């Protein structure tokens, strides 16, 4: 297994990354990108903590070698609970900011493993074997991975093949004996500027006419023709003022495929359009399972910071504050409980994979995403106005203002101004900064939109049994 | 084990029951009470259905005799899941209307079993042994049981001993060598008019000055001095028009204790005031576990009837209707998921009892109760106005109107008027009748008020861990 | 102007009314119908109260005679405010239960007055003159009126002319020189069993193929071929136990038109299909203005009964109770404020009619209907369980139980049991009885469904101005 | 009246302002502060637009000179509507970002004018005359004003005089013949770094022991001892990327009073502790009236940007999107309708001032603040993920990425990538940037917290009338 330094070194690979309008030659030297890299690199160091080792590291059933548990294929509810604990624990260690070095990639592996078996069965293809080989390669080299799923979509009413511009969905533009050439652009490709490998999956169900858009594969990020435009991110934030986003971030990006060649052994779907929808859905379930796993720590942070600031302000028992904290507890516990249930009520596939319960994954994700704004409102309501109006670390250091701040911003007896201001800044950074902007939007749209989850919930629940029950009760047909 | 007829016969025991202003000599002959009795009696017949027998019947670990599973003391998560399935299944068999023949009584037994051990430990009393003996008696004689918990309370700001009228909480008015004499009144005593035995528990935490109010016991319903005033209930409803409440109901009552003697062997707490709160809370948890168990079928009925009426009306895919049904699915699944989780994350007590997780029981109950009105609104919104304005069975039978109704109240092609009207009547009976009135209120206040659950949630969740996490993150104390 | 007795006498007119499966020869003698009649008759007596006379009575601009203000055509915002006050005041006088003797009929007159002008303008018809003549007839004879608008609809996806059964929407089946013959059935025809006249309006927009369904007219309720099936209603309720519904109700009905002849002078639309939608919408606005006017008293009753029961229980200042009451205040004030605003921001038509602001009417109605369930939940939450479980008036009269009830059901010092029980019964009757069932559903669907209001809101608001503002701000096209 | 340049020049007055840890000598030269200054300065230029002149300028009843309408004392509902239109219009002209040059100051003048009359009446003081003189001075010199109201509060359970640190509320530390010396600190002092004058008002009700904290006055910002620490603000944002916050902001600040002398003629309350609460409440009402006035444009922007982005994405009619836009319309219209109603139902004071209706102001403000998070969620839900993940202006300018962005980020036919990206950036800047952070928090806490408004609503509504109505209905006392 690699360490942080090895991971960082591996990113000097000639990849084509842009940020703030500039091509970055060495991404490990760019302050904004480096912040994200350091955030991700922690994942390569946590196994050094003895108390975490058993959770983070396991043995490959293939080679017997130590591998990161992310690469473990879940074969039971217990495995899924372990995966959940793994994601939750690493997120918590990284200030409740999900790491996204391996989560998405292994979500893709798990989904491909399930769907490729179906494709192979129908068409006699050998995608499963390719997936397994790639899996082993990723595992043995301890690579970090991103996923490129969401196409840019153009006119959202239209199918891929109906769009005016033919590349609004990623398209196969040339078929060669040794592979294919693709052209298009994926957005919201989390971590793609700073991972080693990149999974590409279809984002929706396809019709037969969309055959050339029905493509899935995996390639190194530095493959020629791959161009990545990272969303903006500041690298110069003071940690006092931005206790989360000064040191933590995950980068979203546009990832453009400008006639990119993909060799056959890395292609996992190629024209089997009827499996595009199932693959997109299956990946979504795995990814939403990841989502509810990494979101619990943040909801605990909401509870903790609310209770702490209420205490600092001297009003821990005020009824309207207690009400909001109880709401936050219910909110957090919904995430946690549906997360566990999705693992415990997993579906065992024919080939022995434990698949997180899709209904429960979707409800869990929906409850988190749907309730996020109201929950942040509770935190902000409890805190008062200081998160928006308080002075900065620099003000606390300037002797002319230091004393004034210390004199006036204290809380109840025993609570000093600096501690209280730190808490206020955390609340600000959770909901009122550029960094928080990633979460306001990311919670709603990461792992799919609210509407996508509602459609999945509607599809997965057995409504007919309920209808039949009522029909029997009433004696109607 | 008794059968329905034996249960019904056993109610001719001279008990003092009033309804609609009259003392009822033989409650099995009174149409309103008989409806409730027949509803309850089903519980004594369901074991005849082969597919249910394994669930409903088990063996006593003490005697090896067959007993109803209600009397099984849960010793593992699996036992709790079985208990949950038992309650859910019998409720479903009784038109989603909970039976309440043994649920509350065994909730009380389970709670007493836990708390009496603590009292005995502290005071060297022998309450546990009494509880066990009573348990065996109830189990062997297959008795039905009610619980009398909620005192009338008078001025709710005041403690029992502070009230102007000394019996606003049930009080020990005389202590004899062989027992005590109590005086007071409990309200909302579900099923007490039609069960064999009656548990009496304190409703709240007590102070030392409330010692005489800190009393728990079990007695036959026909004990001299026990007077029961049943809430009103009609016994003459047409089943077509009231598909639920014509044949199903649970009776709530005022149960008055007019100098009632309780023998020592049935007393389970007697002055140990500091255990009144724990007993009330422990019972509440067991009872809320029962609550979330019996409520899932009703939420399924909400889904089923909504999908059915939308289909009958020809608009099963209308987006605003699908939205509401998806909301109902989320609602139902919250109940189910927290119910299962409360069993799976049970707490094992020292003496080997599996105690449903209090936090999860409370959240599950709260989500059901808190979301009930909005969910019924969804059902009513989907149905349209006919549940309120449609004609009756009698109108459907009158030749002068029969044909008109059949002609005009049909739905989409293939849906006849009578079937559609039946569905409308079910929706009416779920939310717009005297019978439904029991549920609008009962859901909010049964097993404790919303506020009671919120207080429990706030108490049970480990907020401090969240605070510590934030403190560590920020480096503050 | 007629008095109550004259109104009641006028109902002995041979009309064909059914209830509970029976044809009722003299509806003034049937206890259920008589309850509704007496409820309505109050409207004919309130002008005897000196303090109300100025509000209830005005002078006809045509004849100078005294007429009921309902018949006043609103010509200014002040007139609309008066109409609002009129409806609110009579409703409040009738225990917050809207009267519906003249409200709906004059809503229809106002809408016909507006739309017939447009039809006449386009086609040279003389509908307006007919409407005015009818108006004068109704006004001079002080008649009560119902409206028949909602067709039974069959398959809701299909237009009238597309339905399998041709009379799922009311249809002209014969055209004669002196009038037309219609066949069909309207549902939710509020008060039609007990009013003198009946307005019939289209319920939706029509296409050219629906020409025979595009019909509007007014006829006496006892016109041959008109058959009315009233929804069920009990006439034997005790007032103590049902403080609202023992004496108050409005009857909904199915009104069937079995080849009913309508003379030309009462026809106000006849085939002008493109005006069916505008007429339906215009009526909806007038009727929703009526809706928000009569609903404010009920919302005040919610506040009053909540504050009263909290006081009786000794906990008027408990924070969670204050919170719910504050929510109720906001709820009530939304109704009131949008009601006033709809009048004040009325639209003046070409012919000088003050038309209530459609956007504000729809939002006001939507806020009431959409928030009703949550608001009733607040009332029920505050009250506790007694509304569902308390004893009856008969129990209070039986000497054996009277004393027990009086002893145990008192509240805080100074609050006797009977008063407290009365309040509990009111809360029960507001949300937990057959009578309340009319409101749970009626609030959602009366004056149109939530979805209907949402569509109106979306249509009426000037979104484009907002879009243009953003475009200008950003410099995009 | 001054122009923008004169206003800007006037800020070079030696004031002591800190930002980012540094004392700023000339605040007009500091990029962050200058942004706020330029934002505010627009208020001094808008009167040059002919179409706005009549609204923005009026004549002084005292001098006949032209004055800004802000200084007009409202004497009728129409005046209040004008004031509302004034605030709404200037806000809209400044990109829906409230200006805060004169709003708060004139709120203070209006409140002082009302309460000082009461103090003078009771104590024979001459505060009213002082207020009038100050008013005239401000008006004639066209000065900009801030308000310092919220004390730092320390332990929020404790009164001012109970705090451990004596200056947690602003305190009079010395009384001289010609004035007083005060010490303390106010937070959330909107615009204080960049206005000419500063109002200081008590933030809460006081007890007699808090006499030294019961002080109100007005002083120039550059008064010796006044030290202002501005919250952080960036001055280097690209307008493309931050279409709102690159050019618009209002600065919040800590304003410290380090033994500041206030001359008698500027003192408007001095120890009359029983008027501190009324003054705080009265100011809150005026300020909430301002709040609902300036917030409507932002809610329109929410509607406009949502409809625009849905159109650009090709899904303007998707039902879940239409649902959210309808919710936004209801939200916006609640603000607007309560705003107008607060003016129209104003309370006329004895001395002829039109006081905005406190109940309606509070409900309007509460509805805005309480619904803000859910409404922004709707905007973000409709937009999709691009606001969080899209590239920057710099990326659009770099030739290497420009073409890719233009190719891939287009929308439906006819919608170019740059326009679409501009809309996405606006949505980001409304809810996902440091600038937006001011609004997430400011909406909740500006003009008082949600809880403050709830308390006001509870206090202002006539609950007793509702209780009496129910009592009469039931015949209880």
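All chains are identified by letter, namely A, B, C and D, in their written order; residue positions are counted from 1 within each chain.
What we mean here is this: a contact is a pair of C-beta atoms (placed from the backbone, for glycine too) under 8 Å apart; a residue touches a chain by one contact, two chains touch by 3 or more.
From a predicted model like this one, the values you see are computed outputs, not experimental measurements.
**Q** Consider the two chain pairs B-C and A-C; indicate the one with the greater count of contacting C-beta pairs.
**A** B-C
**Q** Which chain's C-alpha centroid is most distant from that of chain A?
**A** Centroid comparison gives C as the farthest chain from chain A.
**Q** Taking each chain's centre as the mean position of its Cα atoms, how many Å separate chain A from chain B?
**A** 42
**Q** State, to the nearest whole Å, the distance from the C-alpha centre of chain A to the C-alpha centre of chain C.
**A** That pair's centroid distance is 52 Å.
**Q** Measuring from the mean C-alpha position of chain B to the mean C-alpha position of chain C, what distance in angstrom results?
**A** Result: the chain centres lie 38 Å from each other.
**Q** Provide the list of chain B residues touching at least two other chains, using ranges where the numbers run on.
**A** 320, 323, 454
**Q** Give the list of chain A residues in touch with chain B in this complex.
**A** 92, 95, 243, 297, 300-301, 303-305, 307-308, 311, 322-323, 325-326, 329-330, 333-334, 337-338, 340-341, 344-345, 359-360, 363, 366-367, 419, 422-423, 426, 454, 457-458, 461, 463, 465-471, 473-477
**Q** Once bound in the complex, which stretches of chain D touch chain A?
**A** Residues in contact with chain A: 18, 20-23, 150, 152-158, 164-165, 167-168, 184-185, 187-188, 227, 229, 231-232, 241, 252-254, 256, 258, 313-315, 320, 372-374, 376-377, 380-381, 383-398, 400-401, 404-405, 407-413, 428, 431-434, 436-438, 440-442, 444-446, 449-451, 454.
**Q** Please output the residues of chain B touching chain D within their complex, sorted ascending.
**A** 319-320, 323
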